[in-house]
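Structures are listed in the sections that come next.
Both of the next two complexes hold subunit A, though its partner changes from subunit B to subunit C.
Take a look at the complex of A and B:
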């Protein structure tokens, strides 16, 4: 659908919906800000014998953790938390995420986790898995080796084996016997989660004023630490409330935010980009949530089905093998088209090898397609946003005044510049 | 006729204008109010109320915010400060290709083309010694009103130099000068000279030439204008020819630019509805919620 042009005609707002929306966002924010994992500890305390399994970005099969009877808990660093001991474990040219994860571990904040999964996102996270075995010998630790071969069938075979190993390790902790029925039930609930997240992204793409990225992000962060069943209820309530409590559309540029799939940007950065005049209409924040496109097909061996879904339905990302030499060049133009975006913001964590090594290829593809781009780097503890505000603000202006936005409904051709600023 | 409003929320004051944004933009009303310690939203609502009443318009086609006004809930769109000061300066003096925006906390020099497109910029660093807020603080210490600062500075026979590096050091300099019995006009001119030196270096780093338009809260301080002219005359020996220009509406340059760009966007969007009409409550933070 085409976005409405900005006028005073905002949808009538319901105060009940407004309160409901604010209450859900506050609930999500509490969980996002709680580095002590209070909600996880509460869940564990509700029933004797419950166990939780932490995981690092980008992708782990949460269905398997869930089926094993454990609570999957996303560990996304410490935000602006002061790092005292974590810095001693890494050189200065390593990104910030592992430092704060070590800090969280050494300060006992993660002692409620009985298992930890470290996916093969990069060398730093791989090494962290080894360090964790030394730092936390009581925790079951697994380095999750994602398939990286140009043969989908062999990759499915390999990844199915990996899934079986994870399931066996986790069930050894919980003592639960997991049959196919339990696995299919977990796959079904995560299929629901994937569908709801896709719906939230679609609403934001179509009506970004209805679902601000700050709120969407907080909601997704809450989903990293609460039981999936609880999250589904809250997220549905949020969608309903946001339909009755729309903000006014603004004359903003529509942008794709990319490169932030592992170490997450501070919330202030996301807010700064949107306040400066850019609607984020697609992103790769917390990418693990959307790594598999669409539902995992039911039928056959559930672990094989899960493996097939990852191998055949995954998004293009730096952490999975890209067999097509032109794939990187096409990625951004395809995402921009799908999101009906006006431009791209490459935002990557400092020293993030997967994001920064891909950036030149992705940017080259974008620029060859005539897509306006800007790029910057951040760290999870970045506290000053003025430079981002300046970049995003001038980027939005340059699109609105000199390039043209999609909201102009074809009145202005992309790429036209300098054609007089006179109204 | 396209009627738009521009609201520039600065660190020290809120400025608003209503503009007939047709081919030759025309200012229908303008107003400014100091924020002091008030809630910014209240000041924005107050200033908008004034310009709507003064202009007598029955609709606004686009309401554009700029400066720190990103979160004004009734705004149609927001433009970055440099973009709007450039466009506002171009309207007030079409010869200008550089605008020197002297604000309460920062000063920036912005280079633009003949359409108001920003080409480059340089900004003072974080130290506040080159800012309007600093000058206001000093005036208060000296017991001088802001309106008197410029004329007094022009009468100084022996300007006393102050630190141009740091606001804290400069304030200490001023306290020492007062205790040494230095005349108020000499102190003020010394401060103007110090600020002008920083601005001249800013312009030099931007390789400024031709007409430089002064905008922002200090643009019409005649003492500062004189100091800047002297500082630039010294630079001229190195070959750069700079003509200073300003306008009584220079403090509104950001709001003006926002309103003009708002009209431009209104046409580009092909919008059919107005951002506000007189049949609705006045656009305020409360009514927009």
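Take a look at the complex of A and C:
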């Protein structure tokens, strides 16, 4: 599916940990590249009556899909897949994601999905929900209106109602009676997933050479299509293997990548940024995974708890209203500080309203805080990476030459104090 | 606006006076003490704002007026220089650019800063970002009213209640705080009653297009007709007077069996009755209109004239249920309907107004309208049997209005309708091939 991409930066090694790691990455890559959703079809075939529910970016409550007895399946477009029919449904000034999703639908690749959720990410995805009602009348379609009001308690009430609608629609398909116990079990398993993803990001932040962005991304993409329980096993194995099989640290700048929360960049672009000298130490790729920070607290009504978690623990993102007037200005400096980054790459899909309308506010906040920034646009089917390599490479060099990386500053600091630590 | 090529109706002159007076009051607001509330057209709460004695100011009206007066190009360039993407809504950039250029409004008066940003989040994602951007500049109180989308084709009872609750607990207290006045439901009911009267007259005007020849153009003329009711004048005596005058004028034409004034003169010989989906282009408004009127094409119904309310499907503001009726109004605005609902509406227009053709003007700036329009085109054709046409332009960025290209497409489209009428194109043949992208 993907155009020729830069090869992995990890040198071939022969230890058991290395083989284990390579095998998990290969497993994840297979699922990432499989637009036919073979693993979903296998899961469905294993037991009669099983059903799967697709969802578009950015955030849907996968716990509810899971509790209803369905397999949540993230639909993140078709990458560089050739678009034959999808282009006929969209004007040239609309982003690439919906045309590849329509292509996937019209070519039968999504016919294994009994339901589709379209969250309120933007008007394109919103209107795609109506298109799906017409193009795929056999599928249960739900537009998922995220809560957007100032008052968190009112938003909790609204969002709990939406969660009940989704649950009732999905259980009507599966025939499953879902009690609180089932919902809590699903919440618990996704709490595990959230914790593990945070751990992976923490490793990425602390030792970015240990978990290359390419591998982390592939692992997360696999998590979009396989049962969460299976993913947890693989991701834990990957973490263990990566601890025993570290790559060598490089003299890279540390960057936050932002704006890529909906239409995903090609894998080659992520690899190119890293190979050009930038460790991506925080990002908003596949943001739905990390939309809720920390675990959903146990106790009370599980749907209310899930709603509360979204309202009180969500990450700042373009797809939710920012009630704090200083929020946009603070967002990037806070993320940069938390990730101990040297700079920011604003990477947005072409014609992406949420990312591009936010960008002036975010960039202004970053520049006022003296944070180096670059910006570019991509599409999921971008096939040439040379310009990105040059841009990211120059950015990394300029940070190292003129600003100084955090690692260098740390070395200077350690030289003064005599402390050891991160190279 | 530069409408010198179109003979002005009495109602147009009246509207011009009303707008000039409103902008003068806005300019004077910092001195007069009148409070100014920025809000958007779809889901606007004009009666509520006015019940507190405040003045509404609508950024997208300013943007479109800037487009009509040839000012938007420079404003957009200003915003893009400041880092706003070429890819995003040009209404936003025209507004931001105008603000950066000193906030002189379309009529030449200075626009006051807002005392309150009242975001009625109805049918357009960009509104949310637009207000976040404005808040960065004005640093004034902001209140957010979420209107749930009709994803399932209806405003669910709990969604209606959610809106009412927000009105009662968020919006009204914010207006009280800014204006220093207490909420006066009696006053609000009075204004809503005025709204309903004006809405009755507007609907009578819109329905007049069912007659042949149509006494109105429901798209190019229609944007004038909706001006007062979609902006600052719903719930005002001036608004009521305007719609009475407009209705009288249209009924006069109906009685005489004559058509509306257009850039090609009075359009009595109406060769094509067209339904149009999508907003107009504002930077070449008259040129665009003339491409229709020169062909003898009159627009008998349009969806753009429903972005600020779908009154022709029966909705009226109800003074008996002030907050509930505002929730219903907001939920029912055109772009808050899902795609199947929009298609139903268009099919109904084609049938009710005995249309010969159906055209989509797809604007680059507005994904709320544009995403899915090619499906709308196919579905409306399938269900009505009439051929559709598709053209592309933009709201207020003149770089995206290619006159030659659009004229060429429209001429081909009308030629095809003529041939079809003469029986040269068999019904059901691929009539749209030459005009769809």
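What we mean here is this: the second predicted complex is superposed on the first by the 395 of 423 C-alpha atoms of A that agree within 3 Å, B and C clash if a C-alpha of one lies under 4 Å from a C-alpha of the other, contacts with A are read in each partner's own complex, and residues count from 1 in each chain.
Everything that follows uses one rule, which is that contacts are C-beta pairs under 8 Å (C-beta built on N, C-alpha and C of every residue); 3 or more make two chains touch, one makes a residue touch a chain.
What you are looking at is a predicted structure, and each value in this text was computed from that prediction instead of being measured.
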Touched partner set for A:400, first subunit B, second subunit C, both or neither: first
Touched partner set for A:248, first subunit B, second subunit C, both or neither: first
Chain touching more of subunit A, residue-wise (subunit B, subunit C): C
Partner chain(s) touched by A:359 [first = subunit B, second = subunit C, both, neither]: second
First (subunit B), second (subunit C), both or neither touched by A:131: second
Partner chain in contact with A:376 - subunit B first, subunit C second, else both or neither: neither
On subunit A, positions contacted by subunit B and by subunit C: none
Of subunit B, residues touching subunit A in the complex: 2, 21-23, 25, 62, 70-71, 73-83, 87, 113, 115-118, 260-261, 263-277, 280, 283, 288-289
Residues of subunit C touching subunit A in the complex: 82-85, 87-89, 92, 121, 124-126, 128-130, 132-133, 135-136, 139, 142-146, 148-149, 151-152, 158, 162, 165-166, 169-170, 338-343, 362, 364, 367-368, 370-375, 379, 392, 437
Sites on subunit A touched by subunit C in the complex: 88-94, 98, 118, 120, 122-124, 126-131, 133-135, 142-143, 145, 147-151, 154, 157-158, 161, 318, 321-323, 325, 328-329, 348, 350-354, 356-361, 363-364, 377
Complex interface listing, subunit A residues touching subunit B: 5-9, 13, 247-248, 250-252, 275-277, 390, 393-394, 396-397, 400-402, 404, 407-409, 411-412, 418, 420-423
